[in-house]
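First up is the structure itself, then whatever we jot down about it.
Per-chain residue numbering starts at 1, and chain names A, B, C and D are given in the order in which the chains are listed.
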Amino acid sequence: MIHDTRGGLEFAVADLGLAEFGRKEIRLAEHEMPGLMALRREYADTRPLTGARIAGSLHMTVQTAVLIETLTALGAEVRWVSCNIFSTQDHAAAAAVVGPHGTEEEPRGVPVFAWKGETLEEYWWCTERLFDFGDGSGRSSRSGHRLGPNMLLDDGGDATLLVHKGTEFEAAGAVPAAADDDPEEYRIILETLRRSLAAAPGRWTEVATEIRGVTEETTTGVHRLYQLAAQGRLLFPAINVNDSVTKSKFDNRYGIRHSLVDGLNRGTDVLIGGKVAVVCGFGDVGKGCAEALAGQGARVIVTEVDPICALQALLEGYQVARLDDVVDRADIVITTTGNKDIITADHMARMKHQAIVGNVGHFDNEIDMAGLAAVPGIRRITIKPQVDEWVFPSGDGHRPGGHSVLVLSEGRLMNLGNATGHPSFVMSNSFANQVIAQVELFTKYDTYACEVYRLPKVLDEKVARIHVEALGGELTRLTKEQAEYIGVDAAGPFKPEHYRY
Amino acid sequence: MIHDTRGGLEFAVADLGLAEFGRKEIRLAEHEMPGLMALRREYADTRPLTGARIAGSLHMTVQTAVLIETLTALGAEVRWVSCNIFSTQDHAAAAAVVGPHGTEEEPRGVPVFAWKGETLEEYWWCTERLFDFGDGSGRSSRSGHRLGPNMLLDDGGDATLLVHKGTEFEAAGAVPAAADDDPEEYRIILETLRRSLAAAPGRWTEVATEIRGVTEETTTGVHRLYQLAAQGRLLFPAINVNDSVTKSKFDNRYGIRHSLVDGLNRGTDVLIGGKVAVVCGFGDVGKGCAEALAGQGARVIVTEVDPICALQALLEGYQVARLDDVVDRADIVITTTGNKDIITADHMARMKHQAIVGNVGHFDNEIDMAGLAAVPGIRRITIKPQVDEWVFPSGDGHRPGGHSVLVLSEGRLMNLGNATGHPSFVMSNSFANQVIAQVELFTKYDTYACEVYRLPKVLDEKVARIHVEALGGELTRLTKEQAEYIGVDAAGPFKPEHYRY
Amino acid sequence: MIHDTRGGLEFAVADLGLAEFGRKEIRLAEHEMPGLMALRREYADTRPLTGARIAGSLHMTVQTAVLIETLTALGAEVRWVSCNIFSTQDHAAAAAVVGPHGTEEEPRGVPVFAWKGETLEEYWWCTERLFDFGDGSGRSSRSGHRLGPNMLLDDGGDATLLVHKGTEFEAAGAVPAAADDDPEEYRIILETLRRSLAAAPGRWTEVATEIRGVTEETTTGVHRLYQLAAQGRLLFPAINVNDSVTKSKFDNRYGIRHSLVDGLNRGTDVLIGGKVAVVCGFGDVGKGCAEALAGQGARVIVTEVDPICALQALLEGYQVARLDDVVDRADIVITTTGNKDIITADHMARMKHQAIVGNVGHFDNEIDMAGLAAVPGIRRITIKPQVDEWVFPSGDGHRPGGHSVLVLSEGRLMNLGNATGHPSFVMSNSFANQVIAQVELFTKYDTYACEVYRLPKVLDEKVARIHVEALGGELTRLTKEQAEYIGVDAAGPFKPEHYRY
Amino acid sequence: MIHDTRGGLEFAVADLGLAEFGRKEIRLAEHEMPGLMALRREYADTRPLTGARIAGSLHMTVQTAVLIETLTALGAEVRWVSCNIFSTQDHAAAAAVVGPHGTEEEPRGVPVFAWKGETLEEYWWCTERLFDFGDGSGRSSRSGHRLGPNMLLDDGGDATLLVHKGTEFEAAGAVPAAADDDPEEYRIILETLRRSLAAAPGRWTEVATEIRGVTEETTTGVHRLYQLAAQGRLLFPAINVNDSVTKSKFDNRYGIRHSLVDGLNRGTDVLIGGKVAVVCGFGDVGKGCAEALAGQGARVIVTEVDPICALQALLEGYQVARLDDVVDRADIVITTTGNKDIITADHMARMKHQAIVGNVGHFDNEIDMAGLAAVPGIRRITIKPQVDEWVFPSGDGHRPGGHSVLVLSEGRLMNLGNATGHPSFVMSNSFANQVIAQVELFTKYDTYACEVYRLPKVLDEKVARIHVEALGGELTRLTKEQAEYIGVDAAGPFKPEHYRY
């Protein structure tokens, strides 16, 4: 059991073996994360994050541990939670607490509030902890002042949401009651804030004031930020890391190409080849899913609302259909949309026996889990953690003889819940952008307004260059004449802003 | 021999059989171009291009004939040239002159100045003809006024170049002499303008004033437009059709996937499978080339200057190397860059015997044809039109025994020179954008400044939708709740402007 | 016009330009046919085919010209016909007549009876000519003896058929009348033989006696040979070249992967990507077709009768369905079966407008062309040679508004009729096996019975090795210990006879 | 802890939770194994294996449990061991002991001697146990007679080896001493037999006499059987199940396509995309590996000794090279050969840092593990079970700074050791052939000689048909006319014996 009492907290994330295993995995992962290691080397002397107090909400995996230790190597003080109840790798969490220079008896890493298989209450309790860089009361034990983060690093926007909602309700004077049709999770968020505001009135407003900015890396989280900015309600500047090309076109696509298959295999051991797999959504994540499934010999059918993405799917050789029309033929159905109610309980009632259902979009409402649980007579058999067989009753409008569907990770991100998420190399791209964005916002926050920004292309290219070299790729160099001919600098950037790659 | 004397011109593009064959091909192509046919139906009554005099410079193929007849169906008066000396399909040109309602004896189509295998002098003579909607003297035979186009439709920017250079030299008072190191083609352009200005002083300035705008569809042409706009020298508004998603991500990528292989096969009949193919550049065109070659079983090596594109190539499983390092191993080398001197004479001197060299980028200077022809002792054997074997001398720093390389289409676009260019369906996307852009600029030109614009995303999605339906794809519709959840209109557009597809 | 009077024949295959072009193409093709060139080097001194009179019936292409000249380089006297009415490349035929050492004025090549676009009568007239190595009367002008071939080289078995049927009818005393339901072509064969027997009674029996053996390279032709052998009616030994691995798994598969797409493109210029393509049959040819179409972005559906091949198709990610069930969804339908009535007139009546229909199996009866022509009210519009649009009448059980299908090469092998057949490199494998088999049978015919044989695996591996080296592949060598461990000779053969590759 | 005292044995394979989990997994797997379930239905009444005592040596996985329970459903008495020290899934073993009708307190399944992570001594002790169907002494407790198996079901031939070696040494009168250069494992086999013969002289000769035959399913095991038969030393008939098409072309290829990636992911979590992966061997297993790795975006290089397979690799677009020449560029190296010393210690000394090394061929000597362990100064760090980092010393002929390689499953089958082996559906094909072969040999053993046989093609097609239907494939049926035309029965078999698929 690891105890870490820095900051007045006492928590326990792991036993001895876990941390030791985690440190080994982190060491191996460092080699696969050349982007982060290059940044450590580049900033070894200047340590530009000195003074930064970073609250990070992002899947607590081995890769994230390498990110955390890059941030600390650049001078930051860090606290961490996972942004998904199933995505924590306990050995990674334990090892992050121990840190590169600590021991299990004397951990010298960072406080981590995360474990695999949190309840929603626990999840939001952890997220709230993130905002306390003090003694557990949210205040510095030394000065007695409120001590929260001055930077957020977010994945999906839950940390950002909490501080925005907290500030909003403080301004309103009270936390509202949940409406009848609010999702269960929102009820818990309100409860968390109600408790928080009771304990420390004005806390969130103070916290928000101190925050210099947030860097966010998901499509969903970025979407929320643009909405807030459009409404003039964004409380601090934001950098949209998701839309760095080396993030969205790599992590989203090539990461999922790897981890979707990994999650399916670890979860079910079912042959993918020869099966009919429906991929809902053909954005970057959907493209990666389709490629992965086709690469394993599945017949892939794509569903799309956007005609441009649909036309891409068709020209890649995939059938484009509506889920309604093909649901009774599918062996595997994967959601990638970031939207809700993509697979309904009615869809699942019409699926083949032992059809596999998983989500790699964002929230668990892509699959209507609540609706599924509410089907009269349905039974849930847990095969193993994160793999549930839901057995429909026989007859009464259902298939005679009954049938079941296999739902992965309770509808949450199955590539993280059933496997270990995206592999190190691809995350090295995304996280290098995160680190660069943190440095940018922390050191130059006064030049940014409360808007959403993207990193300049030249930094994107820098991240790419490191990873090309790590893979042994040899870049061609433009001659002076060639650079002039096409009107670019021979050192880049090479493309106009609107270029799509 | 077809004579068309409308406008005072007399020209001959085709014999009888050609036009008949061309009309058949146009009829078949119409079915494969649902985007254009949908626009004909949509605008059948309003005919919004009535009054437009469109000068088009774009490969004179069967697909282009369907474009031309769509423009005339919308009310426009049209004149046409090809934008490449080898890309004209003579039967398409003939059929465009005959027109859908004409006969070979009484053609009722449009004047076309283009044939397969023009000399450069002929090419620029044709391009100059484009600007004369009058009686051959550039003036209306009725009014005696200068009668040029009021709209340009461009591919590569040659028509745009001529009017800009003409105007520039008219302002300067004289056409400059060519510099010693100017390319041969520039010398011809200057000569063309010198002759033109002598015959009709002030002509280009007058012509430019009348032009409401240009729609341009290539990366290279658009690049020129942005440069002109940045220098404040753009003479009329421009719509960048190239960067409509349904153009750049479809025509550039899926068009070349089709026509690269077609050009290689018609040109050489050489097995692609098992061969080492180097693709220079991994933009949209390079991606399509690599996919096509890999799909035929070649081992593809990619060269790139841009680390982001290089990283994409690596993650798609391609080797990324410098041409210098792999040129002696390559069986096929294809340029896709839009830059110059990609394959030098020195590279070709080091290639394997009978290595195949082709360009699908833009201009013929991607391959240093001048340098090749200047190699001492080299011999050129024309195997058939657009296929030359260049035989290097033996010894003296060259491979003993001599070796040869096969150069397609003299270094010009081999997918057009050796085959028939992109197929109808993919061009239906590009050309639907062209037509929409022509209507937009012609009818609303007074709302545009002399800048470069892109079409709004909703029109992009409209073009895509037509083609999805034509392929039998079934689009999913967002429910009201889903649309609200992700904050878009259920009818689209579905993505933010910066989305990359 | 080329006149070749050797043997008393006078025929004309080509004009001057054709032969010159053909010689150039042959020279280029030699470099792509390392298997044949290696055999020329190996047998340069011994010339083991000296004394052989080889009658060859095989698509008269550029590649075949290299085969012919390899046979003559090894000492053989050769005569040639094409085994398909559309597959002759006239320039290749002309160049084969001129020969490597001849001129157009003084041809020194071999007699060739073949041109592109023969009628069936002409086809069988040509095939009959093949058996006359004499003065045109079938006899030596010197000795007056019957002078036919002593070796057959066959593709599809038509030459073999003629000599077997001739012998059979001679034994029976008469050529039977055609039955009412005999195909048109059989009627012509009977007529040819009736004429032949009238002119020279006993001719075929004499010819058959002289023949030392046949080497056959198609699935269909081999199938006929096994049937004859099983019935004890095979008149001479046969070597089944088709089932050399370097033939069936390369020519059939990788050859068609190349030439199917080539034929579709040259015939129709229609975008393959995004289309629904049905491949009838998933043997080696079907596998190559499916891979080619998928590689161009089509959605491929496979039809199969053999469950093993069907299971392979499924596990490669293809849908397996019956043509009946998907015919109204298909944009392209390709037959690869070697069976008959795969696509019926009824199927074509139910296809989409402008659906493309082609055959790469064996005979033209895979597509029921007779049935199609017999549809009441149907119209045939020839778009260009080997491309016909068949327009169905509107209504009356047909789709309202009428629809048409595009039939390639009149239902015959469209990869040869619409393109140039398999490329040189792949044919180098097949033809190297042919040459090896000819040498084997000609020199050791007395050790063979009237059965069907396959070449020993070690020769298969020899052919493969030459082509691996030509592609730059580096083979690993077994150590002595490794060879002993797996119980093979370090020089091969490496696999048991039943190994499937 | 499960105790099973039937047969006088007492052993313990699992705790309660394991068996329960195993039963759930078996239930799910049954749905994915339609071949076995169809055989259960077909033979439900006749129970043709009544009286059979089957000794099975085959990876003790969930799929194997379904096989075992199919054999018992057909009437057999069964005992089981794993044929690999790491491949047992303990939950599957436990569940097989419990059986479908037993409970953990009262197991009613079959005796299983297998657990994950056996030592070699334990492995051969288990294998010896397999031959005792009696009371633990090898004799019936009732009759006192020797009671061994009367059927063998083998994977890799270890059970067959033991009975052949035992018989051989009994005939020789003694077990020989191990030679100095015998592998460690052979020493243990000799020791096992020495002990066995001391305890029960003549036992193996008696056992062999009773055995009606063996069915074997690996390339390696079959190879041994053909060697024994060729030497006249095979003691009983054998059916080569490996070369049923539905085994070798499916299990070997599509099974590994699935499980290779699974093993790499579970073992290392390293991104496969963009990496250089060397696949040693391009037989069916190598083909599956290459496809899987390419499908995940790796650049695949193939090594081969057989030029035919090498040519296939080249035409599929893979580079073919020698391991020696590319070993310093590889990120992942996989052996698939069934031969030895494919990856030597010297190779590993030259690899990149953290290169991954794994074997999916057959024995662990494909990778020279003994040589690796013997490198002076090398250190082994176990990252987690079945994943070892071997750290080379720095300098002294090694790379400066030291480097390490990651070896999976100690060089044994990593798809089983690091993952769960081939998935159910593909094993359903292989195991259906096993069951059919067991029924055939058990019921008709007196019609078979001591040779190696293959199953007739019609049974192969039957197995395929079941699985085609399970995947929703629709087979086309030959008409009577079509069947006659190609000379086959409309019900199959459809291909000649030598057909290669």
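Definition applied: contacts are C-beta pairs under 8 Å (C-beta built on N, C-alpha and C of every residue); 3 or more make two chains touch, one makes a residue touch a chain.
Keep in mind that this is a model prediction, so the values were computed, not measured.
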item	value
Chain pair among A-D, A-C or A-B whose interface repeats that of B-D, sharing over half of the contact pairs by residue number	A-C
Of all other chains, the one whose Cα centre sits farthest from subunit B	D
Chain pair, C-D or B-C, that carries the greater number of C-beta contacts	C-D
Chain centre separation in whole Å, for subunit C relative to subunit B (CA means)	40
Distance from subunit C to subunit A - Cα centre to Cα centre, in angstrom	58
Chain centre separation (subunit C, subunit D; CA means) in Å	43
Residues of subunit A engaged with two or more neighbouring chains	254, 273-274, 294, 297, 311, 314-315, 319, 471
Subunit B residues touching subunit C - in the complex, by the definition given at the top	21, 24-25, 28-29, 31-32, 62, 254, 257-258, 261-262, 265-266, 268-276, 291-292, 294-297, 329, 353-354, 381, 383-384, 389, 406, 419-420, 422-426, 471-472
Complex contact set, residues of subunit A against subunit C	273-274, 294, 297-300, 311, 314-319
Residue ranges of subunit B touching subunit A (in the complex, touch as defined)	223, 226-227, 243, 245-246, 248-250, 254, 284, 303-315, 319-323, 325, 338-341, 429, 454, 460-462, 464-465, 467-468, 471, 473-479, 481-482, 485-487, 492, 494-496, 498, 500-501
